[in-house]
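See the structures that follow.
Below are two complexes that have subunit A in common, paired first with subunit B and then with subunit C.
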Partner chain A sequence: MVERATPLGADFKPGSYGDFADGIGITLSAPPSGTIVEATAWPGRERALAARVGKVVGLSLEAGAGAGAFKETGAAAFNIGPGRFLVSGRNEVLADRLIGAVPEETGTLTDLSHGRTRLRVEGARAEWVLAKLFALDFSSAAFPVTEGRATAHHDYFVQIQRTGDQRFELYVFRSFARAFVSVLRRAAEDVGYRIE
Partner chain B sequence: MSPRRSASGGSIDRLRTIRFTFDGEAYAGHAGDTLASALLANGVRLVGRSFKYHRPRGVFTAGIDEPNALVTILRDNVREPNIPATRIEIYDGLRAESQNRFPSLAFDLGAVNRLGGRMLGAGFYYKTFMGPAVGPLRSTRFWMFCERFIRRAAGLGRADHAPDPSRYERMNAFCDVLVVGGGISGLMAAEAAARAGKRVILAEQEPETGGFALWSGETIAGKPAADWARTMTEKLAALDNVRILPRTTVWGHYDGNTLAALERIGDHLPKTPKGHPRHRHWTIRAGAVVLATGALERPIAFPGNDRPGVMLAGAVRRYAGEFGVLCGDRTVFFTNNDSAYQAASALKRAGGHVAAIVDVRRTISEAAAALAAEAGVVPLTGQAIVETRGGRQVTGIVVQPFDAATGALSGDARPVECDCLAVSGGFQPVIHLASQAGAKAEWDETMQAFLPPAPGQHWRGAGSFLGDMTTAGALETGRDAGLWASGKKPSRAKLPETGAPPIDIAPAPVFEIRGKGKAFVDLQHDVTADDVRLAHREGFVSVEHLKRYTTLGMATDQGKTSNVPGLAIMAEARGISIPEAGTTRFRPPYAPVSIGALAAERYGDLKPDRLTPMHDWHVEHGARMMEAGLWHRPMIYGAPGETVEQAYIREAGAVRRSVGIVDVSTLGKIAVKGPDAAEFLDRVYTNMFSTLPVGRARYGLMLREDGIAFDDGTTWRLGENDFLMTTTTANAGPVMQHLEYVLDVVWPDLRVHLTSVTDQWASAAIAGPDARKVLEKCVAGTMVDNEALPFMGIVRGTVEGAPVMICRLSFSGELAYEVYCGAGHGLHIWEALMDAGEPFGITPYGMEALGTLRIEKGHVTGAEIDGRTTARDLYLDWMLSKKKPFIGSGLMDRPGLIDRNRIRLVGVISLDGQPLGGGAHIVEGGSLDDLGQSIGHITAFCYSPALAKYIGLALVKGGKARHGTRAFVSDPLRKRFGPVELVSHHFFDPDGRRMHG
Partner chain C sequence: MLISCPHCGPRDLAEFSYQGDATRTRPDPASTDTQAWHDYVYARPNPAGPHREFWQHAGGCRAHLLVVRDTLTHEIHSTALARPSRAGGETA
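Let's look at the complex of A and B:
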């Protein structure tokens, strides 16, 4: 298996950056993308699609707006639009299993494993940093753990899932990833950040 | 100690000395001082020159409403002009300069304007600089000629041309309750909402919350009001559900309780902390808003009311109470209400000397009389100030008996010596945000002020914003507003006791004392009461016309001290009431906002970029990159010493001779899936796709609904209901939007899903006679010969272990293949192809060579599909299916679109051996003196290594009918004129033998 190259460039290297004299506000990392698939249901088949996808990745997935689920072992899925889900897993061959599991009368699946880059923002100031970029209410009451949002920062289309009180997974278009990380790093400078 | 600093008192830290300069002179102040308070403490009265007349001006207020004391801050070699000295917190090393003066503040040549005072009234420019009927400066040209000198002579500070090195950022915030203003009522509102469990943001424009409590000298709950405010602030700051934003001005109130605010983070520090922005712009979406924005004191217009030393009474009180600064040795108060008596009493308590209190009212309240006694003076009631004396600072005033009911002066005038004149003309609640959010303000006869309109959104007012100027009122209305915002009923719980005496804050309706000399209404723009009357005489009577004719209320202070007095003078001139004269609807911003904060991270090094998976390879191998929208693409791979032209000729030549490789990952790619996908493509493309076999690709053309060409590209059928559509790089987004629109709105019955997969695939085009040999060396799992992979065929295989999908198609006119792989394998595949191509001299080529090859071949791109051309214009009518309807088919045959004399695609050959230029006109006239009319224009050009000529593509009237004719290229901008031949746009291999071979 040929290893996938990261789009983030040489500047994305471990270390502490920004104003970290009073501690590290967030940790920024780019976990391996593994499999990322966009699954879309035909109208009326949303629950069926959620069930099919959930079964393959081992999640109990609802079909409502923003609904999501994840496992610490890596599988995650969340709603990014009407009848539309972003599904991810660590296993790179998961895409074929997913595509094979969803019949055509339920919906379609598109492999985006190479096309989206996954970033993790974690730490006490994660909400603060992300709020600089997105017009979303990141409070845990408005954006609970497991839920997802599809949003944008200028030209950056970003899908976000909350996977912890202080942890968010961001999925960005690969070609934008390096520039977006620059923006993210700049936004985190005032709270100090670490790249892992 | 500074000459005007009181022995004690104030909120400044007297143990910390801060050193700064003003106009190069060194001064010292204390931590907590503003530049204005520090200058006043140092006895500096003259701080600026006025906008038009260059009259000497001093500090007039103590806050955001300052019209006079605008200065330029010099920081990091950048000049920032027009900052009110009242808003600048001093720090060690602060450098400030006065403005609008030459050569110096004390000796200003511009002051000569005062000699022409009467001539320089409102509308002076428009009436005076009318040009002659004939000549080089006729009509408006004369005005335009004069304008540059006028602008140099007048105006505010000088903007800098140097880049601003500061950082700015934006923040989004959501809260249940936003409290705007951290004074007494704001603190009460925030506490009530916080106690109710609401998420609260409290925004205060000053460095410290507390507002009036910080300098009033009053008591709340038995302790100094300032201490009460600080205790409240500490309590709030300790709560998890409260965020306090000091130095944050809420400047806009928009629909749905969306508010805009500017937080000043670094302005008060010698150096902005590492990683922190100078300013942070907040967009706050609030469930409910409490407007506790306070009220601003108004001046009274009277002759000489602009002399340095003339200030607002509340400002004199604040300087004494908050900064320990006594603004004068002998201060006279001039008022139409009781608040000046409080100020006089406070000044006396702070150690100042009150020389007199002049009151236009004949009778005053008992409380006012008691306060006057505390101040040590007997008020001069029923009198007005008719003149000020002095040069660069006031040295005295002249008072005269005055009838407030008629405005008439009578009796003898008499002088009073003073060096500070504190004026109060009443108060105007700061209703700007309410006005922005809702209905028109309402005039209140008692307060002689515009009070807030009825809430149009989910907001409430509190404190002096409502016109209640008492501390007790602020406590009560603040708490009530906070409870309302929390969905609670008003409380009957006892409020803290206050120690303020009841006074009559309602002013006598006196806005102007008419006498000899200029009485300024708008100090910042040098608009006088006479200017307002002039506007009336000349017919500019509506509020909007008054503003534009006189510039009243414009510039950085937006008329915070001048709007109501100006309106009152106009109302009097018209013989109508003030509410009948009307008021303007306040518009954002309430206070100036740095452009940097609005732009934030959208510019400079954080501008969005899109990079292909092979970007770093291109850069490492000498590519000169160019921007194509947000994408960065190689323009050329320049060898040392090569020009761009030499490089692309070399690269394109290599493609024709052997083989080249180009990164085409930027092409838009859309997955089109579903049982109706083929039907959908038949509808959006002009040609048929439902007949396309699986494993084959087809070139497609899309039209807009109006029949104009929209985009082109190949679409690959990967499965029965699975297509991969490619678009041009530039149109990837618009095509996706177009397709989503028609699916969602026009044909919602079609079962088709679209997904952008542009970034999923890396792609490289291998082109040239040896292209197949390159693939044969590195592709496994599939044959790539003509049988396995015919023109427009698709195969799947692997390259060095990575899966690839290969389609045989050509943009260059050569035998060519596009190799697609997962983007994460893009570099791996690219390098494998380079290795495989090495024996054949594979040459990477950039956009210039790509363009050259396509021009030689006569392929169109966005330069020809330019939003004006049709398929027929581009000789693509062979793609217009007659078997089916498609988007654009209904309107593409309109007479105007099938006129044969439309500009249509041709090839152009330069006959003089000189380059052509994009956008150059094609003309028929053979000389520069007689060009004739333009018959078209060049869309693309290059030097063709295959033809050894400069060639181009052009859109020319008649198109093909002109093949073989001569014309001329006319490019006045580039000073280019020369003969050309119009030919077929298929310059090279018109039969396609190389491509199909």
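Let's look at the complex of A and C:
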């Protein structure tokens, strides 16, 4: 039987790292995500797509820039561009349900479940660490809970959703995930970090 | 330098890619007017001042933008989606 391998590499082991003598600044983890789908509306069908996707995943999803929604143990979705949403959930059959629920005249869906990796950055210094990597304002006033942003750190294209005052979910290309985690770990060394 | 993406708001220049001169008008593909094609491909006025350009927010929402940038000061005079959104007129 083929052994399941993590895209984050063998180094991504639970433990405390960096300068944690004075406490842990952030916690890194890779929560399981059974489904990751990108939904794209045809021009003028943005709100219709948001409504369809929201109904399937049980979220109240708006079509505005950066708008998002999530359930603590369920699905998450957020706007990543004009008429485009990133939708994720723990259920592995969610992609098929979404593709079946959105009519062709409303938009298209692309199953990215094997093409993206979700990382969670959580802790009191999460804003500080992420601000080292991305030219974004991570304050809760400029980046409220539920909202999402599509951005980049050099060649690492990253889509970020804020899911708590001190918690962010990062979606990166799976083939870049291991390299991106090494950058993230380097940025977190000064605040001390734990991998869970 | 910041470019204000119509979708995402002000973002760092590093997230954007220059996509070319937006003042050019492509000749009819069936045209055999070599002078027209030569002008389209090679002739550039290279203005010192406001210039219409295509950019893409490649490290963000990936939208293609029409940007008016001052080539002397790099001031961004305006930004707009290259293809205007029709989001306001839909019937869900």
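Observations
Assume the second predicted complex is superposed on the first by the 191 of 196 C-alpha atoms of A that agree within 3 Å, B and C clash if a C-alpha of one lies under 4 Å from a C-alpha of the other, contacts with A are read in each partner's own complex, and residues count from 1 in each chain.
Criterion: a contact is a pair of C-beta atoms (placed from the backbone, for glycine too) under 8 Å apart; a residue touches a chain by one contact, two chains touch by 3 or more.
What you see is a predicted model; the values in this text were computed from it and never measured.
In the superposition on chain A, contact is made by A:Ala135 with both subunit B and subunit C.
By the touch criterion stated above, A:Gly34 is placed in contact with neither subunit B nor subunit C. Using the contact criterion defined above for the overlaid structures, shared-chain residue A:Gly68 touches neither subunit B nor subunit C, since it reaches no partner. Once the two complexes are overlaid on the shared chain, A:Gly89 sits clear of subunit B and of subunit C alike. In the superposition on chain A, contact is made by A:Asp111 with subunit B only, not with subunit C. Of the two partner chains placed around the shared chain by superposition, subunit B is the only one that A:Arg186 touches, whereas subunit C remains out of contact.
Touch criterion not met for A:Gly123: it reaches neither subunit B nor subunit C.
Here subunit B and subunit C are compared by how many residues of subunit A each touches, and B touches more. Shared interface residues of subunit A, touching subunit B in one complex and subunit C in the other, are 135-136, 154. The touching residues of subunit C, counted against subunit A in their complex, run 7-9, 11-12, 14-15, 58-63, 81, 83, 85-87, 89-90, 92. Put simply, subunit A touches subunit C in their complex at residues 43-48, 51, 63, 65-66, 80-84, 135-136, 149-152, 154, 157. The touching residues of subunit B, counted against subunit A in their complex, run 167, 169-174, 199, 273-277, 283, 285, 601-602, 605-613, 616, 630-631, 665, 671, 673-675, 721, 751, 753, 755-762, 800-802, 822-828. Contact residues on subunit A toward subunit B in their complex (touch as defined above): 1-2, 4-7, 9, 18-19, 33, 38, 40, 42, 104, 107-108, 110-116, 131-132, 134-137, 139, 142, 154-156, 173-176, 178-180, 182-183, 186-187, 189-192.
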